[in-house]
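One chain, subunit A, appears in both complexes that follow, with subunit B as partner in the first and subunit C in the second.
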Partner chain A sequence: MKLELGFIKINDVQFSNECAVKDGILYVNPEDVKAFVYDHDDCKAYIKSINFDIAKPGESVRITPVKDVIEPRVKVEGPGGLFPGFVANVDTVGSGRTHVLKGAAVVTAGKIVGFQEGIIDMSGPGAQYTPFSKTLNIVMVCEPVEGTKQHDYERAVRYAGLRAASFIGGAGKAVEPDEVKTYETLGIKEGIEKYPNLPRVGYIHMLQTQGLLHDTYVYGVDAKKIVATLLNPTETMDGAILSGNCVSACDKNTTYHHLNNPVVAELFEEHGKSLNYVCNIITNENVYLADKQRSSDWAAKLAKLLDLDAVLVSEEGFGNPDADLIMNCVKNEKQGIKTVLITDEYAGQDGKSQGLADSDPLADAVVTGGNANMPIVLPPMDKVIGMLDYVDYCSGGHAGSLRPDGSIEAELQIITGATNEMGFNCMSAR
Partner chain B sequence: MAFRVVHYINQFFANVGGEEMAHIAPELREGKVGPGMAFETAWKGEAVIVNTIVCGDSYFAEHEKDAKEQVVAWVKEINPDMFIAGPAFNAGRYGYACANIALEVKTQLGIPVLTGMYEENPGADLKDKILITPTANSAAGMRKAAPTMAKLALKLMKGEVLGASCEEGYMPNGIRVNFFEKERGAKRAVKMLINKINGKAFTTEFPMPNFDRVEPGKAIPDMSKVVLGLATSGGIVSKGNPDHIEASSASHYGEYDIEGWDALTAEGWETAHGGYDPVYANENPNRVMPIDVLRQMEKEGKIGKLHRYFYSTVGNGTAVASSRKFAEEYAQKMLKAGVQACIMTST
Partner chain C sequence: MKLPHRIRIITNNPLVNTVLSDWYKVEFHEDASYRDILVMVRDMVYNGYELMTHPMAGSVKPNETMYKSIVVGTDLIGTNLEHCNLMMNALITCDKFKPLGVVYSDYHIKDFQLIDYTLLCGALDFDAIAGLSKANVNSY
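Right, the complex of A and B next:
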């Protein structure tokens, strides 16, 4: 499957009376976006109001509680549309051409659903830990209708963000991109014929699936309900996988991460040179032992069926999913498939405790996104988009995290994307 | 004023002699001797070696107690800012002496200590207790080791926070420290994978941790007389979370009185846990802390009696060291109250 990504470089975002991209500036009309968002039953029923704001890199701005971050994109050629099964119909995506508004992002925020949302600081010491201090953020603060149940609120805000990003992405449809990159993986037989001497590599992509604010969706399906299956890597670039989670925001994959999956990108960099990138195997992280066994069995079975020589496994979350991670590793290593893992650690504030909840000597090649328990102090910001009311209750916070002067003392895990386990960041630990 | 350092070396590096002079007892010399020169060059006047202690390797091995006493006495008298031993490279007895004398000085006098040696030197077994700079396996590695050790030593004397082991040049010591790599994680992972596929050397960023395995207690054949305690890492707390137990990385546990409760209700109880969907636990907290069923069993005489309090914390992202601390404390409370068995629920 072959996809062309056309990158339209966005240098600034401004509110306007139209949605358009001109000379690298993205103009957004909040009223038009709102109208598109509200043309959906859940958004209509459960979202009382949406306030739009813009946050730019370097500004003294804090966004919280952050739920999801989404990159605006639009399908230009080929079947389907962005976020199949959610915004577009369920056609198989990942071929043809897609335009990306590079540098822009839609951020959903608002009253918390659980204890789990995160913080994005646009400047100061917190900014270096989140990739979203470097994007031009169109922030939607969504207020629920009174009495809305948590699951309904989460779903409605999820839809609101996806719909807004799709709508805004539409502004890039007719724009000539600054750069076009082509991504292509081959069929099994074709790949073996073309790269007879290259090792066959797959990507086992673990999806967080533990319930409210811990869910991930694939073509509209709740990934709790899938068995391990195959995706062409390019399908992820059109929104085949999207986020319904931000619990302990540091190591949850936002929809932005899924669209810009760094493992996919780095495997493509080596594709045809040092390896033959065959496909992605997606699997879940359900809480029941039987599910863990089945899903890891299936992921390993598919890897064997595809005659893979090696797999790269990325985890999402920590604790309970560490068991899935180790199962995925051990089952592949035992059938002779060389395995590398990407994870993060919860080694305690002093860094002295064991950082994973499960381990095995076969897991001898591990990349880490760092220790999420590391304490940090975030100085006060001039402006808060969203609300600070929940800082003490979010994962990584504690009673008194929010200090009277507006500064925050917390653990790194409260920062959106800080210890990402797709290897999105440079941070590590030793 | 420059920082003051005491340096420990063996007979060989002091140019006294080789194996034939390894028996010499510790001697105290003024200023720098041998490899101390390389440290002072790197310090550029910010620190000086005020004294060098020379000790034969065999002497240390055969009279460890005496050697330690003598060295510690001198160092105490000199009262330096820091104590450096070696580097010992791959010399086994010298490495053993460096690591052990450094640990002794650290323990007795509380000043910063540093040594250096090859990773397979037996002295490196103490790397979790003292800082050890990894070096080459022969003295030819001095040129590289000296500036690394000198820089690290200066940082320690200035009381600066240490970065990760690979940045600062000390052997991983079990304390995980965050830092920024030059390449993102996905690129590092793909490179590691290519090396692994091709049978080339690679280094994991995260050696698998060692686990405490706790044996469950023996089965109790007759529960009908037993006082049963309850504990959970599922975060069930009184409504409103009065103890402010954190949603993740809990810093404490709570003790909750269940006197008069036949079951936990949504009105009185909730979960503070941020790691699972809280909706179902909040609807019916007995799903995590099964007071309803246990009260029934108490009534039926299947268990003797429920302990009046249960203990609860949040397991989500909580360090093992914290969990151990909590349990050590509340286990004592239960023992004091005559609890004979405990059910621990998790989520």
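Right, the complex of A and C next:
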């Protein structure tokens, strides 16, 4: 399967009376975006108002509580459309051509549950820990209709963000990209013939699937309900995998992370040079132990069927998923497939405690995304997009976290994307 | 829905007790802490009952939520060392998190109950949303 990604470099974002890209500037008409968002039953039923704002790198701005971050993209050629199963129909995506508004992001904010959502600082020390301080952010603060339940609100905000990013991405449809990159994986036989001496490498992509508000969707399907299966790496670039995860700001994979999965990007970079990138195996992180056994058995079975020599495994979340991570490692290592794990750690504020809730001697190649318990102080910002009242109750916060001057003393886990377990951050070495 | 006759739910979450006790055997320990539930289940697993859900379900940290629900089997099946290990590691992880000193409002407490309940429903393949119709949960 072959996909061309056309990158349109966005240098600035401005509100306007039209949605368009001209000379590297993305113009956004909030009323047009809103009309598209509200053309959906859940958004209509559960979102009372949407306030749009723009946050740019270097500004004294704090965005919180962040729900999801989504990169605006648009399908230009080939089957299907962006975010299959949610915005587009369920045609298989990942081939043809897709345009990316590189440098722009849609950020949804809203208090789904009061204790878990994250912070993006656009400047200061906090900005160093989140990749979304470097993007031009179109922020949507979504207020619920009175009487809305959390799960309905979460679903409506999820749809709102995806629909907004899809609509805004449309502005790049007829624009000539600044750069076009081609991504292609080969069929099994073709790959072996073309790269007979290169190790066959796959990517076991673990998806957060523990329950309501802890979910991930694949082509619109709740990934709790899947067995481990195969995905062409390019399918993720068209939005085949979407975040429905409202918890654990530092190590949740936003939709932006899925679209820009760095493991996929690096494996493509090495494809045909030092390795033969065969495919992605997606699997879940269910709470029921029999589900864990089945999913890790199947992920290992597929890796063996594909005659892989090595797999990379990335995790999402804390605690329970550590068990899936280790099961995926042990089962592959025991059948002779070399395994490298990517995770983060909760190693205590001094970094001296055991970082994971599970371990095994076979897990001898592990990359960490950082220690989520690391203490940080975030200075006050001139402007807050969203609300701060929940900060003391947030993961990483404590009584008195929000100081009277607006500064925040907390653990790193409060920052969106700070210890991302795909490695999409700056807390590890290269 | 997963095998209700073979399992029991050990919980300190009143929402779980309210909604799921019509369907499952729920052992509700109203005064137990998060850690107390882990210790109870650890002892059951050491004594040979099957552990059926992961004790660290959810990304809400042990020093935040006060609620924990874990599913174990009703029959003695003998000691499973892997499950003993999971329970031991869960307690080590729990003890690693320092108390936060936060006083939670009733609103937050209900949200913590909801998260624990929905994780459990996810594990049991029980329709969490339908179940909520008989409970008093937060809305905006």
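Everything below uses one rule, namely that the second predicted complex is superposed on the first by the 425 of 430 C-alpha atoms of A that agree within 3 Å, B and C clash if a C-alpha of one lies under 4 Å from a C-alpha of the other, contacts with A are read in each partner's own complex, and residues count from 1 in each chain.
Here is the rule we go by: a contact is a pair of C-beta atoms (placed from the backbone, for glycine too) under 8 Å apart; a residue touches a chain by one contact, two chains touch by 3 or more.
Note that the structure is predicted; figures quoted are calculated from it, not measured.
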Fit-or-clash call for subunit B and subunit C when the two complexes are aligned on subunit A: clash
Partner chain(s) touched by A:Thr343 [first = subunit B, second = subunit C, both, neither]: first
Touching partner for A:Gly172 - first (subunit B), second (subunit C), both, neither: neither
Touching partner for A:Val287 - first (subunit B), second (subunit C), both, neither: both
Touched partner set for A:Gly417, first subunit B, second subunit C, both or neither: neither
Touching partner for A:Pro233 - first (subunit B), second (subunit C), both, neither: neither
Touched partner set for A:Ser248, first subunit B, second subunit C, both or neither: both
Subunit B versus subunit C as contact partner of A:Lys224, first or second or both or neither: second
Touching partner for A:Ala365 - first (subunit B), second (subunit C), both, neither: first
Subunit B or subunit C, by number of subunit A residues touched: B
Which superposed partner A:Pro144 touches (first subunit B, second subunit C, both, neither): second
Steric overlap of subunit B with subunit C in the superposed model, located at which of 114-122, 312-320 or 330-338: 312-320
Shared contact residues on subunit A - subunit B and subunit C: 114-116, 149-151, 210-214, 247-248, 287, 318-320, 346, 348-349, 353-354, 359, 392-393, 395, 397-399
Complex contacts: residues of subunit A adjacent to subunit C: 113-116, 144-151, 153, 208-214, 224, 247-248, 251-252, 286-292, 317-320, 322-323, 346, 348-349, 353-354, 357-359, 392-393, 395, 397-400
Of all residues in subunit B, those that touch subunit A in their complex: 164-167, 172, 174-190, 192-194, 196-197, 202, 204-206, 208-211, 244, 246-249, 251, 272-279, 315-322
Contact footprint of subunit B on subunit A as seen in their complex: 114-116, 128, 149-151, 199, 201, 210-214, 247-248, 262-263, 265-267, 269-270, 274-275, 287, 309-310, 312, 318-320, 338, 340-343, 345-356, 359-361, 363-374, 392-399, 411-413, 420-430
Residues of subunit C defined as touching subunit A within the complex: 2, 51-54, 56-61, 64, 71, 83, 86, 89-90, 92-93, 96-98, 100-104, 107-108, 111-112, 114-115, 118-124, 128-129, 132, 137-140
